[in-house]
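Quick heads-up: structures coming right below.
The two complexes that follow have chain A in common; it is paired with chain B in the first and with chain C in the second.
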Partner chain A sequence: MSNERTNDRGVVPALARRALNELLRVPGAAVPGILAPTIFMLGLSAVFGNVTALPGFDGLDKYMAFVLPVGLLQGAGFTGAATGVNMARDIEQGWFDRLLLAPVRRPVLLAGIVASAALRTLIPATALICVGLLFGVKFPGFLDLLIVALLVMIVASASACWGAIIALRFRTQQAAPLMQIGSFMAVLFTAAYAPMALLQPWLKAIATVNPVNYVLTGVRQGFIGSVSWADTWPAFVAGAGLLALLATFAIRGMSRTSD
Partner chain B sequence: MAAIKASGLERTFKGGIKAVRGIDIEVAEGEIYGFLGPNGAGKTTTVRMLVTLLKPTGGNAVVAGFDVAHDASQVRRRIGVALQEAALDPLMTGRELIILQATLQGMIKAEGRERSAELLERVGLINASDRRVGGYSGGMKRRLDLAMALVHSPSVLFLDEPTTGLDPTSRFAIWDEVDRLRREGTTVFLTTQYLEEADQMADRVGIIADGLIVAEGTPEALKAESGAPHIEVVLDQGSSAEAAERSLAPLGEPIPAGEGHDVAIRLSDSATGVADAVRLLDESGLSVAEIELVRPSLDDVFMEKTGRRLEGAATAADEQ
Partner chain C sequence: MILASVALAQRALRVTLRRPQFLAPLLIFPSLLLAVNTGGLSQATSLPGFWEQYGVTAPYPSFFEFQLAAAMSQSLLLGGVATGIAVALELEMGFFDRLVAAPIPRASIVLGRLLAAGAIALVQLSWFVSLSLIFGSGIADGIPGLIEVYLIGAIAGIGFAGIGVTLALRAGNASTVQSIFPLVFVVLFLSSAFFPPNLLTSPADLIAKWNPLSYIANGLRAPIIGASGTSDVLEGFAAAIGLALFFGLLATWSLRVRLQSK
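This part shows the complex of A and B:
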């Protein structure tokens, strides 16, 4: 008897659950993803706390509110990269062959892997926001929290796609630095640590065309001011565009695994 | 209709390395086909092409009625695969893994749960079903891997070295299961480095060397092709080897005796047995300490066809 049906519906949650399983059964695995952006945020706030007096910060009194969103995107980037590393491990150990042998469409397999990153990133994001609130960052409101959650999930997904592209290309965990550097640079070349007005012209030029900068603005808006449609829609368009582009390459990589 | 049919199957890797150089294989429905070859012969590449993990660069292959290159998804629905390394998530339990595999095969959760209980019972893992796989022994992992490959009741099963590295008890458990699959009519493509395994289980055997099939047939036919059986004799003290050779001449040609033996005769008629030899020696008044009939083994066939011994052959024999 062979199963004639095409039933991919359960695959995405099943694969996401497998990835989340690791966090539930080895809780320590989540610690680096929480700790790194938190320490980064606290350290930067302590060192550069007074830069808010410079023009361009528009009277913002807490630098931590400015860099908290950077930490959120870094957390999302790290989570996505970790998904790529896990995928490389699965390739090395043969688990990935098991997935490829299933009669499941390749984009569905990728969606399952990426969905786990989108869900996992909510753990460092929640921790980071809690730390920020404890240190006096203003509560941005539930609407902004929802926007933040969706945007970091998009960034984590895009970063996971990048990780998948690298994992499928090099097929080894030794390519992990390449997976991490992608999201690190994407966040770095934005108005991450100072407003656009204070950036060097070359960095400003890059930030202007960097889609992550628009996502950062969307994530940041509620922490430093109020939520506006003008900052929200470009964030979603840029994030979704970036995700679509990277997902296309990742799917292409998956369909080439048998070449 | 053949369950597996490969015609001129080729695979050339980047850099021009030809791992498989145009092989033809035909496996009938319900047949167990043993696929043997030394490391680097093209065995794994062939299996990976047949299970759709690797696209052929030449020729074609049809598995379970579908072309592996053009209808890969249809092939995947109909085959079960247990690859060389049992790739199992050590953090998941046996039951969770079978249910996940069922989901990947398009089964709904309730079906997956039902099937997992059935299969865990079948492979003798029901008592360990809710333990994490990281704590399983090698034999348990192999049995679980086999259960996962069977979750959707495939018509063709690919087993890539299913018993390599296992202790004899675990190996026999896998053999029993394969035997059961044979009775159920499942076609099994069995890659192995244990000749005894191929000899006992396979209906037919194919030997690959340097990317080409160099021998194919039933184990008995291959062994017969490799040469007639011979007898080896150890004489009691005082009996002459030359006299023994003379008295055994009606049975066949003398050949160099193996270590510890005095006389060896290649039998001209394979129906001739030890009894005939004993009778002839007795009639000549020669006293025999030991006499044995040595039939060609698959190892001899392998040696003849590939020019080398199979890596795991000795290991398997030693472990018995």
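This part shows the complex of A and C:
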């Protein structure tokens, strides 16, 4: 038992390091994860920038401050999906089977894979915040940056678990669109474009039950106003709940795989 | 030439319809974005000057009807990328070499692919017309408007496919063609597909004036919102035909260059 624990301790950092090594070897692999949410954020700001004149935005002068958090969560979602695609590749190439033979508990293997997504998502997050600041978004303060970093790491982990569920189910990289569409929908079916008061009733109903909406509110608060406990704790509770749920299903998927 | 082109178009269509899962993203992603845009920003139509340039009078169409043209444009652009990927895969797998060796005019290889893209564009447009009937009030200008939508859309679809085929013939591999996917969104965002040009922020408003997609989207939009009588339809036709001719010829020239370099 104690030997197993000793093995476990080294596995999570080793698997995370392996995933990060891929980025060092092929730096270009990080580009799509940065490019897509950046284009989306800049594009939305350019196209819908004048909607801040609508009542409900409370005099917000920069729409980019409103959509930057959407970009951050999209970046986290895409990073998680990319982790799922990498896992599917490992399954296709047989490397994952060798991993399963190792004397390590399945949840620990999953934790290592998910940890790599949590760390990798800080790259697009940093890039997006820098672009936002360059385009005049106000600096949210260090406390909010810390909250943002933790929340995007949670979302990337949840998205990686979703990617793992799909990878273990379909065992092919061709399932990549399913991994991407999951996070795409989860992030956009929220108050992504406008405050809750301006949403159509059907979208408002979905956003109310969508945990990612609470995470988005938590990430957004410092960019459009000030940080409050009332917006912070629901974000962490919703994010952690989503992560726990998806991690449970991913672990079940791994157990079935080894059976 | 025509017979060979039609035969190759039929083959391309059969291959596409045999694997409908590859067609689904062309419809699903734009439909999801249509839902999110409409659900999130429907109040935007109350901004001063929103309907000003479209020549429609009260009662105004809904934001959903306004956004339909954006979804159609996005879907057609993605169709262009998909056509490019299909050609690139045929190049990678060697099927293209067999086509080149066949006793048919070389230009029919490109033309067949573009005709198939035009036919697929009709399927894509039908999907969004169905959505307009289910969730909106249909095409405001009736059957003549519907025909305008189909014609502009199909010709634009051929033009976008021309871009994809040109890229595939120049690059020779699917991953390069796939990498232009983010550019689809750049082109879309820098046009007036999603929002009226007078309400775009600077410099997007200036770029949108020079972006052919703005005119195609406005041409598709006019019959949907009941503004067929405006110059938008003619400009839409002009932009779509210009794009189809230019990129159709460019794709044919790219094929010639590729064959000469071998």
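Everything below uses one rule, namely that the second predicted complex is superposed on the first by the 252 of 259 C-alpha atoms of A that agree within 3 Å, B and C clash if a C-alpha of one lies under 4 Å from a C-alpha of the other, contacts with A are read in each partner's own complex, and residues count from 1 in each chain.
Here is the rule we use: contacts are C-beta pairs under 8 Å (C-beta built on N, C-alpha and C of every residue); 3 or more make two chains touch, one makes a residue touch a chain.
Bear in mind that the values here come from a model prediction, so they are computed numbers and not experimental data.
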Contacts of A:162 with chain B and chain C, given as first, second, both or neither: neither
Partner chain(s) touched by A:78 [first = chain B, second = chain C, both, neither]: neither
First, second, both or neither for A:214, with chain B first and chain C second: neither
Which superposed partner A:95 touches (first chain B, second chain C, both, neither): first
First, second, both or neither for A:8, with chain B first and chain C second: first
First (chain B), second (chain C), both or neither touched by A:223: neither
Touching partner for A:66 - first (chain B), second (chain C), both, neither: neither
Chain B and chain C footprints on chain A, overlapping residues: none
Complex contact set, residues of chain A against chain B: 1-8, 10-11, 14, 18, 21-22, 25-26, 90, 93-95, 97-104, 257-259
Residue numbers on chain A that touch chain C, as the complex places them: 32, 35-36, 39-40, 42-51, 53-54, 56, 177, 181, 184-185, 188-189, 191-194, 198-200, 202-203
Sites on chain C touched by chain A in the complex: 25, 28-29, 32-33, 35-44, 46-47, 179, 182, 185-186, 188-190, 194-195, 199-201, 204
Chain A-facing residues of chain B, complex: 51-55, 64, 72-74, 76-79, 81, 83-85, 87-89, 91-92, 96, 100-101, 103-109, 132, 148, 152-155
